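For reference, chains read A, B, C, D and E in written order, and residue numbers begin at 1 within each chain.
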Amino acid sequence: APKKDFKLAWTIYVGWMPWGYAKDAGIVKKWADKYGINIDVVQVNDYAESINQYTVGGFDALTVTNMDALSTPAVGGVDTSAVIIGDFSNGNDAVILKDKDKLADIKGQKVNLVEFSVSHYLLARALASISLAEKDVKVVSTSDADMASAWKTPDVTSVVTWNPIVSEILADPKAHKVFDSSQIPGEIMDLTVVNTQTLKDNPAFAKALAGIWYETLALMTADTPAGKAAREAMGKASGTDLAGFEAQMAATKLFAKPAEAAAFARSPEVGATMDKVRNFLFTHGLLGNGAPSADVVGIALADGKVLGDKANVKFRFIDTYMSDAAAGKL
Amino acid sequence: MSLISVRHLWKEYDDKVVLEDINLEIEERAFVALVGPSGCGKTTFLKMLLSEEIPTRGIIELDGKPIPKEPGPDRGVVYQRYSVFPHLTVLGNVLLAKDLGARGPGTRLLGRVFGAARRAATEKARELLAAVGLAHAADKYPSQLSGGMQQRLALAQALMAEPRVLLLDEPFGALDPGIRADIHVLMRKLWHERALTAVMVTHDLPEAFGLATRVIAFERRRDEPSDGGRYGARIAKDIGIWPPRVAGAPKAV
Amino acid sequence: MSLISVRHLWKEYDDKVVLEDINLEIEERAFVALVGPSGCGKTTFLKMLLSEEIPTRGIIELDGKPIPKEPGPDRGVVYQRYSVFPHLTVLGNVLLAKDLGARGPGTRLLGRVFGAARRAATEKARELLAAVGLAHAADKYPSQLSGGMQQRLALAQALMAEPRVLLLDEPFGALDPGIRADIHVLMRKLWHERALTAVMVTHDLPEAFGLATRVIAFERRRDEPSDGGRYGARIAKDIGIWPPRVAGAPKAV
Amino acid sequence: MRLVNRLPAPGWARVLALLPFVAVLVLYLIASAMRLADNPADKLLPSFATIGDAIVRMAFTVDIRTGTIPLWSDTIASLGRLFAGLGIATLIGAVLGIAIGVLPYLRALLGQFVAVVSMVPPLAILPILFITMGLGEASKIALIAIGIAPLLIRDIALRVTDMPPQQFVKAQTLGASSWTLVLRVVLPQILPRLIDSVRLQIGPAWLFLISAEAIASESGLGYRIFLVRRYLAMDVILPYVAWITLLAFVMEIALVALQRRAFPWFAAARTAQ
Amino acid sequence: MRLVNRLPAPGWARVLALLPFVAVLVLYLIASAMRLADNPADKLLPSFATIGDAIVRMAFTVDIRTGTIPLWSDTIASLGRLFAGLGIATLIGAVLGIAIGVLPYLRALLGQFVAVVSMVPPLAILPILFITMGLGEASKIALIAIGIAPLLIRDIALRVTDMPPQQFVKAQTLGASSWTLVLRVVLPQILPRLIDSVRLQIGPAWLFLISAEAIASESGLGYRIFLVRRYLAMDVILPYVAWITLLAFVMEIALVALQRRAFPWFAAARTAQ
């Protein structure tokens, strides 16, 4: 149903920091006023909790990766549309070994990572690249908040994690990055998604989101004192400083221009990636109890094609609002 | 007509008979001392007079009517311990009888009398404290009093509620002999001065004979372990003190 | 030479004088009763004899030597409460004196005698229990005993350690009069039969005169609130019982 | 009759005791049915059928990847850690608590320190724990022990100093040394009280266990709950929570029974005081 | 002399009490120096200078982004939640605990239920809580209240039923109704005991607060610790932990003082029993 008040949940991660900055800088209010709505931008510390809250209806929009959007809201019957593809990880996620510098050395090791997260997916892709399988290593579930201290313990010899923890760990001379997301470009996407029903009833909400996003991105990528100040504020808010934040940005392929993002959304790579992702989820039992195949949940792509069950589409890539932003129609 | 009449009273716990066919008439202004060996059911009997326990069979009447089903201000009690409230001062303990017993709507909601009623109650409480010799200790807490002073306080508190019957369960059992003698004098004085009917359980025969108008002894007819509790206690003796003590005629003080 | 001699003993707490210049000689096999008003320092005096408290000034000698700095098996004690251990059976409580007091290396490590020593100790303990009339209750816990039985047990336990001096602090203060009379008989018998020197605090004058060979009264010379504790108690009376009671000559039993 | 004097009949009392449990179930069923009508794939309040499926999957089906039944292997892993942690804490609590309670010098030395340490939030110092103990079982057990031991020490020390001083003097007049005094008089009287104290710490122990398992683990009840929380599998979380509650409740009952059996004198002695 | 009889002199006792604190500091300094010699950029055990810098940054420097001093705004946010949660739990504990203790019908109805509920690990039901209460202040306060209230209810109910039954009868013979009995006899005697119970729950309350702030918050002591944990910023974490410990310790001392002031009769009545 049409409504006036909307809530977006975001978590601290380099690709999503613009939301917090946009709120503080008044950009959110500016665009919300323009469309005559209210947007509450809420920071949630715990990423998994933010997804759960969105899934049960506590939020209308969410920052999430492509994989988690499929595994939780979509599988949970909440039809979800990716209105903004903010970036893809281009080195931000990495497999790190201690005292070893070849990926092949990972065989037989215990690997600490957040189980069933994009790190897990990255590990699967890394292993596949050297023709190993998951059974060749032993996965130990470890909370992201404690990964940095876990690394310092002698019995942890390999981890898969994301930034800023990656740079934290790589500061240790014993740490060697042996695989990272730049080797699977475009597969780990950082999205801003909206509940499809809400979107249908209130397209203005998505327009406002796109407006906010691209104004903020233009600001933060600009090589101006204002841009630097924005980056510094975001760095501080995520617990680091300007240099740390810029290092993280360097490992992220930000789509600063809406046209770029829209083009990426329409590209066939998205379909290929989502096929890998859904098969990964299916083999780990994350597509629902007793799912007969990876086809149970349908994924609609921006070009209209559907992966899986056409009658049960719960996850949609759309380029509408990114294209609108590119065309200046917001 | 007697004030309390007990007819064919039995009390059993599970299949253990404690009291067996007790019959008893207690006149107004009597002072009955209840004696008997430990465990014979004296406390149990008092509890039934207090409506703390329910008789298994038989009838207890107060003033010709069946006694109420629960304790009330018509019957006061003094125990050997735990009779006074540790969180209230001496004066507060005595005032409590008015705070709880008065019948105004505000009082029933807040459990406290106010204004003129409070001043009147305080005056009466101070009189009572003077009567039991605690005037100087009005602002102390019970834990600051000796055992004898605590029992005097319990007496004053019970009397403040002006009960028709005062029940006492070994009220002076924990006191030292010297203090006990003092409090006996007080007890006699109070009984003479106030419209009181008293039933007192005691282990101490001199105390019983020294205070009461009538001494009643409970005893189990047969009390061998092989009985397995099939026989309860009955009234074994019922002795009127001679020469009779008469309430309000304080010859004996 | 006397067994205990107390010379110019003072005890002060902060600036409050409790005992003032106490001088006392106690012969072997004496039975001293200590009486006096509440708070005059009787317990404090006993605590010093027990080395639980240290005198502020003055000397206490046992057998001509200064008393040890801490309690030991040479001096036994029975309190009004808390004398027996709730976690041990009656027999266990009495045996404990041997378990703790025996001197073998294993015993000192485990606090328990074994084998033949244990059998001998058990036999002696049962004799003592029989002497205090608790033979039938050997396997009960103290909480299952009445107050009088607990005090008998405390006596048996203290005697098991064969102390030279037995100190008693109102040991029968909490008992009912009837039970008290029984235990007085027992006390007299034990004192006659065993090599005991006893010092007993009591509130009860008949008890003091009924049991002791000598009654000592403490009293504060001046005891007005305005003194502010500047004066302590002294020995006000020291009465030998006449005709003298002699230990081991049980005429009076 | 006054409300305070009204007693329910024994049979009726049993019915009353069941009522709130039934009420919770009914409330759940209604709320669940409402959400499922809205969205049949709703994950928050799954139907009993879905929960039943999850129970069969977790408690009665061998997981092909690990070759074990998840619920049982989780339970064994968690209980092992819990008992180890509680056991170590109990041992430390008894030994140090008694020592502090009995020895004035040790009390002066450690009394204040333990009081302050017992206020340190253990979860906040986890990183230090990891570095010193590693990420394995040791650190999980240590978290439980560190979280609980200071409270047990304080509690036991307090209970020792609460013992009647007469008992200490009495034991010495029977010939006790400091050691035999502790062994024969203090320890046996403290043990049943120790059970009470440990009982109160069962809840916190589970809390620390779950937190530790959430941080780094390969098995355990807390591990599973936090793992499946990532995709909101309430059909697994709810039975796991119920199971933990049941386990904790059984532990509590077992400790009460142990206390009554092993220390028959205790209940009477406590009320006698 | 036996060890149990040896008392330290008062002055010496104060020195002894300081010793363990000094020992911890010295140990830290040594360990820190060793690690820093190995790797000057080590973050686990920062030097005192580094910690001092962090303290200046967090406690005495206004953050330009938010315009507040982080330590103070965190402390105010956390204490607000803590007091609200503890306050609600105390209220519920007192009201329900007394009601269950006093009314036999309510005891039959809720006694068992509260016992079971008090065993539910609150952290495991966090997701449900966040979903019903949202992510705002309410859910953090609720977690504290839910974690603590069942224990308080049980404790208070137990203490009410432990009151001598004579007092209940006595009050009725003075004319008390059920209501005035509670108001004038039960409540005033339970309040000082309630303070004791609440005191024991300060530790758990901080635990719940920190856990809740770690999951959903934008300020608070737990939030900050969680935020900087990813960077292993022990120079911030350690002062924060010390600060939390100090706050908890002060709360404990304040409650003890409150009990002594407000209920002068209580200490004597407790030992008199």
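Following the convention adopted for this analysis, a residue touches a chain if its C-beta (ideal position, glycine included) is under 8 Å from a C-beta of that chain, and two chains touch if they have at least 3 such contacts.
No experiment lies behind these values; they were computed from the predicted model shown.
> By that same contact rule, can you tell me which chains touch subunit A and subunit C alike?
D, E
> Counting only C-beta pairs in contact, which chains form the busiest pair?
D-E
> Averaged over CA atoms, how far is the centre of subunit B from the centre of subunit D? Could you give it in whole Å?
Centres of subunit B and subunit D (C-alpha means) sit 48 Å apart.
> Between subunit B and subunit C, what is the gap in Å from one C-alpha centre to the other?
One centre to the other, that is 37 Å.
> Could you pull out the residues of subunit C that touch at least 2 other chains?
Correct list: 70.
> Counting only residues that touch at least 2 other chains, which ones in subunit D make the list?
2, 44, 127, 131, 172, 177, 181, 229, 232
> Can you pull out the residues of subunit A that are in contact with at least two other chains?
As it turns out, subunit A has residues touching two or more other chains at 52, 56, 145-146, 149, 152.
> Tell me, which parts of subunit E touch subunit A in their complex?
41, 44, 63, 65, 126-127, 130-131, 134-135, 213-218, 223, 226-233
> Under the definition above, what is the set of subunit D residues touching subunit B in their complex?
Those residues of subunit D that touch subunit B are 1-2, 5.
> Spell out the residues on subunit C that touch subunit D in their complex, using ranges where they run on.
On the subunit C side, the touching residues are 50, 52, 70-73, 75-77, 79, 81-83, 85-88, 96-97, 99-102, 108-112, 141-144, 157-158, 160-161, 163.
> Show me the residue ranges of subunit A that touch subunit E in the complex, using the header's touch definition.
9, 12, 24, 42-46, 49, 52-53, 56, 58, 144-149, 152, 164-165, 168, 171, 233, 236-237, 239-240
> Tell me, which parts of subunit C touch subunit E in their complex?
The touching residues are 69-70.
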